[in-house]
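Once you scroll down, you'll see the structures, which are given as structure tokens.
Next, two complexes with chain A in common: one pairs it with chain B, the other with chain C.
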Partner chain A sequence: MNPKKHIKDALLGAWRPALAILGAVLVSALLLRAFGYDAGHSLAMLYDASFSNLRVFGSMLNRACPLLFTGIAVAIAYRGSVFNIGADGQFLAGAIVSAWIGIKGGGLPGPLLILLMVLGGTLAGAAWAFLPGFLKARYEISEVITTIMFNYIAIQLVGYLVRGPLRDMAQAEPQSYAIAAQGWLSYLIPKTKLHPGFIIGCIVAVVIFILLFKSWFGYEVRAVGYNPIASKYAGISVTRTTLATMLLSGALCGLGGFFEVAGASHYLYESLSSGYGYTAIAVSILAGNNPIGVIFSASLFGFLTLGATAMQRVIGVSAQFTSIVQGIIIIFVAAASVKGLQKTRRKAEKGGH
Partner chain B sequence: MNVVEMRGIYKYFSDTCANKNVDFSLRKGEIHALLGENGAGKSTLMNILYGLYTYDAGTITVNGARVDMENPATAIRHGIGMVHQHFMLIPQLTVTQNIFLCAKEAGFVLNMPTLEARVEEMNRRFGFRVDPSAFVWQLPVGIQQKVEILKALARNIRILILDEPSAVLTPKESDELFSTLQSLVREGYSVILITHKMQEVLDFSDRVTVMRAGEVVDTLNVSDTDAHALANMMVGREVFLQRQTKPQPTGEPMLEVCDLTVKNDKKLDWVKNISFQVRAGEIVGIAGVDGNGQLELGEAIAGGRTLESGSIRLCGKDITRSSIRRRLDMGLAHIPDDRQKKGLVLQFPIKDNILLSGQRSKQYANGFFLNTKKIEARTRTLVERFDVRPTDINLPAGSLSGGNQQKVILAREVDRGGKVLLAFQPTRGLDIGAIEFVRAKLVEERAKGAAILLISTDLDEIRSLSDRILVMYEGHITGELPYNAPLEQIGLMIAGHDTTTIEKARGDVQ
Partner chain C sequence: MDQVSFFLAATVRMATPLMIAALGLVVSERAGLMNIGVEGTMLAGAFAAFSVSAFTGNYWLGILCAMLAGCVMALLFAFTSITLRTPQIVIGAAVNMLGSGLTAVLFRKLFFDAATGGIQVATFPALPIPLLHAIPILGSILFNHNVIVYIGMLLVPALWFIMNRTSTGLKIIAVGEHPRAADSMGVNVFRTRYAATLFSGVLMGLAGGYLSIAQANSFNVDMTGGKGYIAMAIVVLGKWTPGGVAGGALLFGGANALQMTLQNLGLGIPNNIIMMVPYIVTILAVLTASRHRVIDAGAKGIPYIKV
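Now for the complex of A and B:
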């Protein structure tokens, strides 16, 4: 399939999720009504939370940003048939190193500091993916297990840092010192807190898309992902390709971690990632593991989390119930994308002889 | 008496007509071959009879009564069972569990000892030796197929349909299968045998129905016809499978294998001190029964398996420790034994399979980026030249028939301009038209001066292509024969009788 067609598919595919969301909204409204909530008001709130003004819209994109990076990371790994469940840990590793550089590098000029944070965060993410990637590539040890273990390590490491060496005692809750002010990313639009992460994430999505579908490297990643034995006989080093895929995936997560720290929170705290790396799996699958599609699915998840909080805060719809509404929307969208898959498969079968 | 009558069957898949006005009948107690190339509509017709597919027009009569074949349950109730091309067994379950899966009489709570005893009883009755408590995944395909047959027999069927049963079997396993089928028909079972192998028709069948492009060409008594006539009916034109190569002078040795020892997956020496050469412009055939080290030899030459000892030279240079990449760059072309596993990325479109191994080459890439235009243009040329059908280069390779998949591999490997071609079972499982095409291409490459190593278990193939024949037995090359050596001599040698004993036996007879 050629790249233009891919983009077209991704865009054409958008009406399907749109229809799915509509269906999901209707079902959710019925449910809300059945449980005695004001359905109209609740759903309006869901919508308002992201779209009522520029400020909340910015927050929505900020919410989507970590999912965008981790989502692309999971998508590219998946193409190479590496099931990267470690996006969370790699994201945190990126955040830790970015924050550490940001805190310790107070004496550096802003651009240099930011550059170091970017590099540090990206490399940290890649480093966090290295061992699982190496064990998978070299010894065929399941990355599902190793990456999860590395998630635990990263989470505990954050806990240790914000309670120990990096703890800002002036704060009641355990959190790290803030990074030096010149390391804060500037907001793109006045009166919003929209940092450049989402926009850059979109660019990254396009770059990764081109890498995957237009370069020999991406070709090798996909070939190995589909059929490592045939790839081997075609002279592709399966070990090297698998490892490179994993490193790239980890680097993207680390970059996401950098943006979260330098753009949004400005310090490290224990629940910096509310399981972004896990949600990223759903984000990627929803997008058909297409990096450009991830832009939309990550935004959808950003929208849902923000809306859920608002419904809960303003109307008092219980947190569980907002999760139900979220779940309904996701199931609808997922069902729609599976339908799409079946259609392509049938097309393929029809061509056969 | 006809146990099955199908009349005027039509079946459309959207706009493809897979079966067109098909008449088919099966007599009690016969083995009836359904012969045709891939895509002729054989599986479709039998899936209709087995109730898996609906049909658009026509009637089915079983034992004289009209039957609406709604689903396989209906078919089974009417005594029709089917063993599919791809087995439908659950590998994690045991033989007995598979056989009685869903069988009503087994009851809700399974009494394994009783059921296993019943499997044993069937074993005795049909002359099988299948361990009832073995897990299916542990069994070789030949035995798995017997489990499939037992599964059908356990449902008290009288009519057995087998879809290309020998495609996955070794010659020995096939022989066993066919003697089983013959004993079944002696017991009054009727068998429909879907195949595209001529020999199975001639050796084991009573009647044959030839299909081509969805239609029945004719139904004949096997005794009234011959291989040549059947092949022509199948393909619709004259076919040439006879030897087409003319003697030609050979050049430098291009592939030199010296004292090669290779282990198999179980870490046993499986190729033992083998030495031979293949020169430019000749085809050297390695004949042997499957499992005598050919796989390990082929993989060692291709670079997918490490050597224990010995050396390999390609175009005069040592490649003993070279990577696969390096071997390809130095001029090795490789048609692997398992095209779907080793030769293609089935999910990729045809053009990306043509690209496979050339993705970094100047021909297809500008530095880091692939040149889609060039890839597509080249693929179109190759698809035309190698007669790949359908010609849509964006179709996934997995949707092609075996023959066309093989043509894609052949096109890619030949196009890379290799000087040494390793052809491993290049026509296994292909239909006659494709076999003819692949063989003609090999001969063409030979004429152009390629050194070709042909590894095949098909003696006809070895004899019709090779300039010299090496016999491989238990990991050794046990002899070299000229291409026109008598078939029986090769046959004895691949079975492990060395030539001297044969000579001696001859002497004794005289």
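Now for the complex of A and C:
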């Protein structure tokens, strides 16, 4: 393939999701109108909510951060043919352990405490993904059901902790104590609350991209995802690769949970996640399950969620309107990519290139 | 004794929505479709039933609209997955988001602005079956419920008959197992899969409507709370048969009733811990079910391309 063709393909590849997003925005605007809201005003507000000044722009990147980590996690799992709907639970598991270490480790120096929180959060995310991954790899039990059950268990676990053992009684609403101040991540730009999570997430995206497309492990993951039976005959341990994929996916979610606690909230509370793991599916699909693409789709969804909060405040439309937009985007993008597949196949059958 | 029969009656009430949704899934999964959008479809049904019942005061009209709403969501799934051949799990996830988002937005729009605290909706009353409900113990457990519970009970043998004793059932299983072979025998794969999906959507809508206007008399955002996914687990547990699904649903109904009983008893166990019970039971159940070989449709999740 010559370089010119490569660029042309990449541009064509970006056209499809771009068109799909445009279609989804149009449908969403029509829906807003149908529900009796001012669609033009809403769209303007959506823009203002993220771009009117540096402070809100920082907030937008912070909103994108959990989606970035969970989005990469879902993408790598999807490449390995594992449908990880459990990103939410793994994210919460990471947040729980990071917060717990941060609260209990008040006597430790900052760098050590942060290191422990990172390790604890990452391992907790992987641990939360272990059983669904093991059951899928060893017994072919659908990960869709088990990961979702683990999500609900994690949500209840957070509820138990912030109402019981970790509850800060000084607060009216149930929430945990704040983590020790030396465990707080510093803000990158003055006058914003931008923590390092998004930037580090971008680096992680590149690392995972290289791992997935340039390493032996990544080759195995993709081979198993593409055809497990052929992979098995090629000498790849499907069981081990599937489990490793799931553990890596969970670890990334856990790391996202760490950044949410240490960078953004500084304490644990019941709606810490607001369904990031489910949104991550949309984020990953929009990016074509490409870790680097996830940087852009996560930003887009961070922009949408922040805008939706503003829309609820001013126009009164429920912030869950983002779920509708996400659903429509998924359908449009997924349907558009299938059409592409069809076209190439028809071309191949004709013998053309 | 009173406690026990109360617990068992609650089990039947709790099992009903799970069973109805799972019965719908049996049909669509046997036809070769993996629809994980149960949660969103049930939510659409729950909201349609609630709002129509609130505005018209007619719960029958409410439940009818619930089934219609379920059917519309299923049509979206059918069109994208059968006609456009979009990956089914992806579309299912999208259906869940749409169901959750649409109902939340409309609920806020229609009932939040109205400032009507505590909306009274017409709900299905208990309908004791003459004579049968007077049977000691058994009567209160089985024959003193609302009409949807009875419909659920009747659906089990009806679906068993359709799946095992009619050509319709044979067609459904054929297009799920080997669509190409079914096609060559003159079965319309697309039409059969569409019909199976729409039928399952009707049942999911019914199950959702049951939640809002038969079991409760209100709608809450995301009120299904994972029941759609639990229904999927029940299908695996029940080995894709109506009878097995009924048994599985009773197990989960029992887990739910147990959770409620534990909360009422006030044993000092934190509520959050008790609320984990149905989810843990689901994982354990799927674990045990996996030890047996399953009869899942051979071509499940694979779009059919006619040549």
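Some points to look at:
Assume the second predicted complex is superposed on the first by the 271 of 353 C-alpha atoms of A that agree within 3 Å, B and C clash if a C-alpha of one lies under 4 Å from a C-alpha of the other, contacts with A are read in each partner's own complex, and residues count from 1 in each chain.
One rule holds in what follows: a contact is a pair of C-beta atoms (placed from the backbone, for glycine too) under 8 Å apart; a residue touches a chain by one contact, two chains touch by 3 or more.
If you're wondering where the values come from, they're calculated on a predicted model, not measured in any experiment.
Shared-chain residue A:214: touches chain B; no touch with chain C.
In the superposition on chain A, A:320 makes contact with chain C only, while chain B stays out of contact range. When both complexes are overlaid on chain A, the residue A:235 reaches chain B alone and has no touch with chain C. If you count the residues of chain A touched by chain B and by chain C, you find the higher number for C.
When the two complexes are overlaid on their common chain A, residue A:148 makes contact with chain C while staying clear of chain B. Touch criterion met: A:330 reaches chain C, while chain B stays clear of it.
In the superposed pair of complexes, A:30 makes contact with neither chain B nor chain C.
Put simply, chain A uses no single residue to touch chain B in one complex and chain C in the other. Across the interface of their complex, chain A is touched by residues 36, 76, 80, 84-87, 89-91, 93-98, 100-102, 104-109, 113, 221, 225-226, 229, 232-233, 236, 270, 272-273, 275-276, 279-280, 282-283, 286-287, 290 of chain C.
Residues 1-3, 214-217, 219-220, 222-223, 226-227, 229-237, 348-353 of chain A are the ones touching chain B in the complex.
By the touch criterion given at the top, residues 35-36, 83, 85, 131, 135, 139-142, 144-146, 148-150, 152-153, 156-157, 159-160, 163-164, 278, 281-282, 285, 316-318, 320-328, 330-331, 334-335, 338-339, 342 of chain A touch chain C in their complex.
Residues 13-14, 16, 38-39, 302, 304, 323-329, 334, 336, 341-349, 352, 355-357, 359-360, 365, 368-370, 372, 389-390, 392, 394-396, 398-401, 404 of chain B touch chain A in their complex.
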